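Labels for the chains are A, B and C, by order of writing; each one numbers its residues from 1.
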Amino acid sequence: MGEIERRLAERELVLPAVFAAPPGMRMTFDRVRIDGTVAYVSGHGPMDGSRPLMVGKVGDPLAGDWLSQEAGYEAARLTALSVLASLKHELGELDRVTGWLRLLGFVNVAPGFTATPPVINGFSDLILELWGDRGRHARSAIGVAELPYGIPVEVEAVVRVDGR
Amino acid sequence: MGEIERRLAERELVLPAVFAAPPGMRMTFDRVRIDGTVAYVSGHGPMDGSRPLMVGKVGDPLAGDWLSQEAGYEAARLTALSVLASLKHELGELDRVTGWLRLLGFVNVAPGFTATPPVINGFSDLILELWGDRGRHARSAIGVAELPYGIPVEVEAVVRVDGR
Amino acid sequence: MGEIERRLAERELVLPAVFAAPPGMRMTFDRVRIDGTVAYVSGHGPMDGSRPLMVGKVGDPLAGDWLSQEAGYEAARLTALSVLASLKHELGELDRVTGWLRLLGFVNVAPGFTATPPVINGFSDLILELWGDRGRHARSAIGVAELPYGIPVEVEAVVRVDGR
């Protein structure tokens, strides 16, 4: 077992099934596209295979039927686990990810919800916990109108991988 | 004639005029920025020169004055043709694109429209038809509030080009 | 003093304090992530340290309490200055940025505001003024539902830096 997977196990974190298109949708893109020692990771959400683990917009739960900021944070953490499942599937082991470069995070926002960085922190925190300094990355966190299947968070990434 | 252009001709697909800013707008960016063997392609829409071929938001046509998902798919396919026109203009011939790496697709959504991946499939499908396995790419498909000039779809790309 | 900073001084432009998270928010990402000779710049807004210099959505001021397109342009120019502050902080001097590759610009739009490219021109124009041809870049300009802290503009960038 590699170092990253040991750290996942220490935290009792289990990777979900690899992201797949929901029934009736064709998946015309690759989860991960490797180009030399750079891997481009497609936008992922809090999915277990083709099943969304959370749906809904993030906002003030007192003002409407919205997910709280804390639930959004959890969605972003689950999104990171889905990305790790795709990277493990593609690379064989997660230790082959030698550095994180860039995240682009989208939050499915209710009107007026602007605390998008604390939501995407759920993704960044897990990466930093697992990779330490090699997990440090540039990032944007944007509030958007709609996300696929109604998921609350979507994140894409660029990472460096060993050239094996 | 190169291989990719032969495939376009077989499909009776004609590239539009190269994307340009509409009258009264200054274009302060490059359609394609080449850096070594990587080309960064600016966000394109379904344009013929400076003329949008489609405008409007994608949603349920029964619920409002929206474009259907199928019309959105067609807009994404037209967007791919506009990107190809820019790449041909910049590179001389499309065979110089040796691999597709990453797409970021934005759909101009009506409220509640979440089927953004099937819309952006209109772009991905054409790339895969033309480039085969070398067209495989990572991708995100996001629903946004507004797009330039009211176009229904915008896609940016990162591709690998030969170093000529 | 380097060439770029000489040009800033000629224009009487002063860089703001380096972007930081507002009180109560944790910053879990790096402003700039350098990977070899490429630097990934996180999404920035018109910030002076942790203080937003402008907030609000861009739209028609006659139709609501919105910022005008011209105010949006100014916000994008201030955003560029915040990015330059981060790059100077990270690199020591701005002359080490040898080329601009790609910008992704988000505008916090009021309903119906589609003139996002002229807004993001405020960023692109300053880069081209300062770097000349080496400032030329690919770009997208998207209208989004919400941005962090209510800022009107956010831009992320990929630039080339010398390998020092």
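The rule we apply is simple: a residue touches a chain if its C-beta (ideal position, glycine included) is under 8 Å from a C-beta of that chain, and two chains touch if they have at least 3 such contacts.
All values reported here derive from a predicted model rather than from experimental measurement.
Asks: Testing understanding: with touching defined as stated, what is the shape of the graph linking the protein chains, line, ring, star, complete or other?
Replies: complete
Asks: Shared interface numbers for chain A and chain B above half of all numbers used, same, or below, different?
Replies: different
Asks: Through what angle, between 0 and 180°, must chain A be rotated so its C-alpha atoms fit those of chain C, rounded to a multiple of 5?
Replies: Angle of rotation between the two copies: 120 degrees.
Asks: Please work out the Cα centroid separation of chain A and chain B, and write it as a whole number of Å.
Replies: From the centre of chain A to the centre of chain B is 25 Å.
Asks: Counting only residues that touch at least two other chains, what does the list for chain A look like?
Replies: 104, 144-145 - these are the residues of chain A that touch more than one other chain.
Asks: What residues on chain A touch chain B, complex-wise?
Replies: The contact residues of chain A facing chain B are 21, 25-33, 35, 40-43, 104, 106, 144-150, 154, 156.
Asks: For a test of understanding, state which residues of chain B touch chain A in their complex under the given definition.
Replies: Interface residues on chain B, with respect to chain A: 99, 101-104, 107, 109, 111-118, 121, 124-125, 128, 136-145, 158, 160.
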